[in-house]
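Letters A, B, C, D, E, F, G and H mark the chains as written, and numbering starts fresh at 1 in each.
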Amino acid sequence: MSDPLVIAGREFGSRLLTGTGKYDTFETMREALAASGSEIVTVAVRRIDLDDRGDDDITAFLPDDVLLLPNTSGCETAEEAIRTARLARAGGLPDWVKLEVIPDPRYLLPDPVETLRAAAALVEDGFTVLPYVLPDPVLQKKLEEVGCATVMPLAAPIGSGRGLKLRDAIRIMIEQAEVPLVVDAGLGSPSHAAEAMEMGADAVLVNTAIARAGDPVAMARAFRLAVEAGRTALRAGIMEEGAQAVASSPLTGAVHQP
Amino acid sequence: MSDPLVIAGREFGSRLLTGTGKYDTFETMREALAASGSEIVTVAVRRIDLDDRGDDDITAFLPDDVLLLPNTSGCETAEEAIRTARLARAGGLPDWVKLEVIPDPRYLLPDPVETLRAAAALVEDGFTVLPYVLPDPVLQKKLEEVGCATVMPLAAPIGSGRGLKLRDAIRIMIEQAEVPLVVDAGLGSPSHAAEAMEMGADAVLVNTAIARAGDPVAMARAFRLAVEAGRTALRAGIMEEGAQAVASSPLTGAVHQP
Amino acid sequence: MSDPLVIAGREFGSRLLTGTGKYDTFETMREALAASGSEIVTVAVRRIDLDDRGDDDITAFLPDDVLLLPNTSGCETAEEAIRTARLARAGGLPDWVKLEVIPDPRYLLPDPVETLRAAAALVEDGFTVLPYVLPDPVLQKKLEEVGCATVMPLAAPIGSGRGLKLRDAIRIMIEQAEVPLVVDAGLGSPSHAAEAMEMGADAVLVNTAIARAGDPVAMARAFRLAVEAGRTALRAGIMEEGAQAVASSPLTGAVHQP
Amino acid sequence: MSDPLVIAGREFGSRLLTGTGKYDTFETMREALAASGSEIVTVAVRRIDLDDRGDDDITAFLPDDVLLLPNTSGCETAEEAIRTARLARAGGLPDWVKLEVIPDPRYLLPDPVETLRAAAALVEDGFTVLPYVLPDPVLQKKLEEVGCATVMPLAAPIGSGRGLKLRDAIRIMIEQAEVPLVVDAGLGSPSHAAEAMEMGADAVLVNTAIARAGDPVAMARAFRLAVEAGRTALRAGIMEEGAQAVASSPLTGAVHQP
Amino acid sequence: MTVRVNGKEQPVEAGETVAGLLERLGLGARFALVERNGEPVERARYEEVRLEDGDSLVVARPVAGG
Amino acid sequence: MTVRVNGKEQPVEAGETVAGLLERLGLGARFALVERNGEPVERARYEEVRLEDGDSLVVARPVAGG
Amino acid sequence: MTVRVNGKEQPVEAGETVAGLLERLGLGARFALVERNGEPVERARYEEVRLEDGDSLVVARPVAGG
Amino acid sequence: MTVRVNGKEQPVEAGETVAGLLERLGLGARFALVERNGEPVERARYEEVRLEDGDSLVVARPVAGG
């Protein structure tokens, strides 16, 4: 049966969003994105260094049928994020934005106040806004109220691969979510992604765990399978955890019984 | 690339073993087994009640191409388990046995001493023995020494669905395993199965989590995907967990930078 | 050796702060507070119901030598919290305030934006402000910048007794704290409090786990011991966790060795 | 109120057992043992190297009023352990023995079969036997049946300091224990010890975490406090963990309410 | 003349002080916190501050809380 | 003559085989496992093995289990 | 006349368009994003917008990121 | 005559006791545990037990351990 992810009225068949960072080559990235089945792919926006044009144009390696999602990485204030989003849109990127406002270079955690401020302004300006936040159910409600299209809490510090360390706060966000909840950052392996989906996350966003795997293409496929496994399990109805042991074979009629 | 599970020289394409207990109907069981892709399926052995022949013959609902694995559930001593295994073999079931010796009806945990004794005798008698044990790396070595074909530690009490609660002991068993390590009992959801496979388990055995799901057929499929996801990830090389945050976007060249 | 907790220049011998809520009787509360050794004790502020004066005056049961810390529980906006704090101070309570701004009655989680706004205003107005927050290292920095005397992240939802569920975020807050970090809410047992202190929290605040214990007075003593144990361990230098086993007895010279 | 630990009919005021291994000096060990309040102290038994008498006689540094508990470390079979225990007793050490049978030098995990065999023989020979085991509730019952005075499951691999990693199996052992349950090995910090006591362990045995601390004497005191905290909490009645948040302040009568 | 205390009408005599009102309300012995027309009243001024017709008062106190 | 099957007396005719007994018990179509006087009977020999008076039989089968 | 591009002086001919500049900079083929004097320039207008002396431009592009 | 102590040959005088040997080995003051020909020797009998030619002894002691 069909079970699309719906963000801002647009349907997506895949619940695995992927980033394009940290791949060894664009060729590997292209193959991994294909293997992931991802339909939403993030990119960053940076100045061109005129003295060093650097590597090829990433857009040449991105499938045409995916939604490019520019992020505002590198921005430390609402103003910088708004400026970056508007530049990306004017230049021909979609009017969707993965909103990141990260003041601290050490822990790379998002700023709740600036993120909320930027989100309100960008929604006002016609953007479809997907904000990246620390798991905070109260902030989630505020972001929903200003019109964000999703809320994207981190599972653990970005790039750490530690999994759902802040599970208790994310569980509350899932319970009360009114727009899709996307777990973003910190997922290190497919089992982490499957757990997030089983908990009821609407989607997950993965970058480092795929890009830095020994074999990124195989790992992309593994995450694709895990996300589908977790979503399927949620819909199939997962058994209740019990404290007690319960036999799976009959308790009577053993061969030796008189 | 091919990556078969090899037990006692026999190759299996699927790393998901399933039990047949606790399904509402044999029809549902048949569909779920098919959806699971499982090639090894456990059954129990019980006396026929002559006054109440009970339900249909389960074998009529089991695919011909799977290996039926009789278990010794209900046995509390080595002798009872040996007797049950020999009866099953003589009557036409395979000479493979899932060895369970469980003295305690409350916690349903296996007896390490009786299990070892029965394993040695059954191997001697020509059986391919797959013993069910509490995670115990020293017992594992003894079972390998007497010639067991796998060792099958439980993740958590059977039927509890609590997942890899005894992870630290299982990790050691995986490190030192010389025959396939199958995580059996206690896995409650696909993410649990994926984690076991990512840790390096050779296979998992699942029953209650599938049979008692809201939709057992869909859940069987979810476990199949999760086992493949976990195995694929292990072979692809999972990123190291880190304590620190690491950016997935470039650290320089932000739009606002002078 | 002396190791006082210093908040806003004032020294406290005890690192266990306690709440006064949920005790069956004020007599039990008085005994428990004494057993806890606590030197900072929270109270709420509420209107007097003129038709039902209710129970006795709590202040009659509070030791003279503790610092009464009025909280702003019941406030859903910065304005309500500021109003409550100013009323308490004018009426003779200390100019210290445990700042709580909690809009949502279901999860009882604090509002980061309103809390920051109220904190800035109250510091401006001469209060010593101890804000209660979800663990958020970026918000912590903002609260420190506006002059808060401590930051008090919750370990888990208030009253849940679940312990350090948001450990990873609290660990970062401890690493970067410039004012005392007090773990507040969610600690269910002394081992939770000891763990928080071992991680480097400067203090913990406990209410429900003591007040709702079978024997609140004994539990207060248990928390007192645990906080001292955890703090002492931190200063004594806790061993590194290892993945490997390391013998505690000599590896050679066994009796049976030739 | 008095709450002694009773092993084999003998009462002990302290529930913290300590080992003597891995201290930098015997002087530090002596002070740490005193600070721990421990009344049961383990020693190993080794051949004297006639060419190198080695350090001083440890017994000169051990308080007279503690029970010396010789262990059988270094023994890989039941026979070796029995021989070591009998030599220790004949030479004037107590007829109590911490039974360790550890075949594998890498993981240092005990052998369930040999340990059971040695335990039965030593009880028969008049010893008070305290066996060291992997957490295994079925083995526990067998050890109780042959007359062991305690059962001592490890929390995690010895020397790892990882804490109660095998919590689920230990919880079952505590539920069904008929002789004192002592958590031995793997506890890395006082909060680990407090948690074990809160779970209902009768005592804990600690060595590495104290001996290898930056300040072993202070750490010994910290463990003493933590064990008392955990035991006191257990007896005081620990609150139930809840999934929901529950306010600790009144829900009505806020100042701002009309 | 009358004032409102915690939302309820209360008759008061001309020139009555905050302290006097608390006394009459039986709150003299209590640790009472007083807000008058939205502004907190300093405890030190309970004896001085005289109520006026139509004043709106909040009378609160510390209670058990976490 | 009689034998015991799963603890219950069963009359059988002289020279009846295991297969015959299963047939009479309505188990012919079933996947039956048979133990005779404590020893398992090979399926291949169900037709040959003749019961004797006083034999004690266990008749079992595979059932759902984990 | 001159403009600043990403902080560096660049000589441009009078009346040169954004598209022309990108071409001269060898960025014609690139997916370039352009901001002029703090305001983003719509891609559709790269051909129309004529640079003026002293303009300050930012030229950016999408890059790999998470 | 000679005995083996912890695997090493040791000359002893005829009739020497366990206690005497420990003394000569400089272990008199130590908390020594003694096994003779595979059997433990009771501390109370160190003074009585006389060594014989070819005896095999193990001399051990308590050491630091967990």
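Everything below uses one rule, namely that a contact is a pair of C-beta atoms (placed from the backbone, for glycine too) under 8 Å apart; a residue touches a chain by one contact, two chains touch by 3 or more.
What you are looking at is a predicted structure, and each value in this text was computed from that prediction instead of being measured.
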More Cb-Cb contact pairs, comparing B-G against A-B, go to A-B
Farthest-lying chain, centroid of Cα atoms versus that of subunit D: G
Inter-chain centre distance, subunit B versus subunit C - centres from mean C-alpha coordinates, in Å: 46
Just how far, in Å, is the C-alpha centre of subunit G from the one of subunit C? 56
Need the CA-centroid distance for the pair subunit B / subunit E, whole Å please. 73
If you average the CA atoms of subunit C and of subunit H, how many Å lie between those two points? 62
Listing for subunit G: what residues touch at least two other chains? 35, 58, 60, 63-66
Residues of subunit C that touch at least two other chains are 19, 21-22, 44-47, 49, 71, 73, 83, 87, 106-107, 109, 157-158, 162, 207-208, 247-250, 253, 255
Can you name every pair of chains that touch? A-B, A-C, A-F, A-G, B-D, B-F, B-G, C-D, C-E, C-H, D-E, D-H
For the complex, which residues does subunit A have touching subunit C? 103-104, 106-107, 109-113, 116, 134, 136-139, 141-142, 156-157, 162, 165-169, 172, 176
For the complex, give me every residue of subunit A touching subunit G. 19-23, 26, 29, 42-50, 53, 57-59, 68, 70-71, 73, 83, 86-93, 158, 185, 205, 207-208
For subunit G, which residues are in contact with subunit A within the complex? 5-6, 8, 25-27, 29-35, 38, 40-43, 58-66
Which residues of subunit E touch subunit D in the complex? 7, 35, 58, 60, 63-66
Spell out the residues on subunit B that touch subunit G in their complex, using ranges where they run on. 247-250, 253, 255, 258
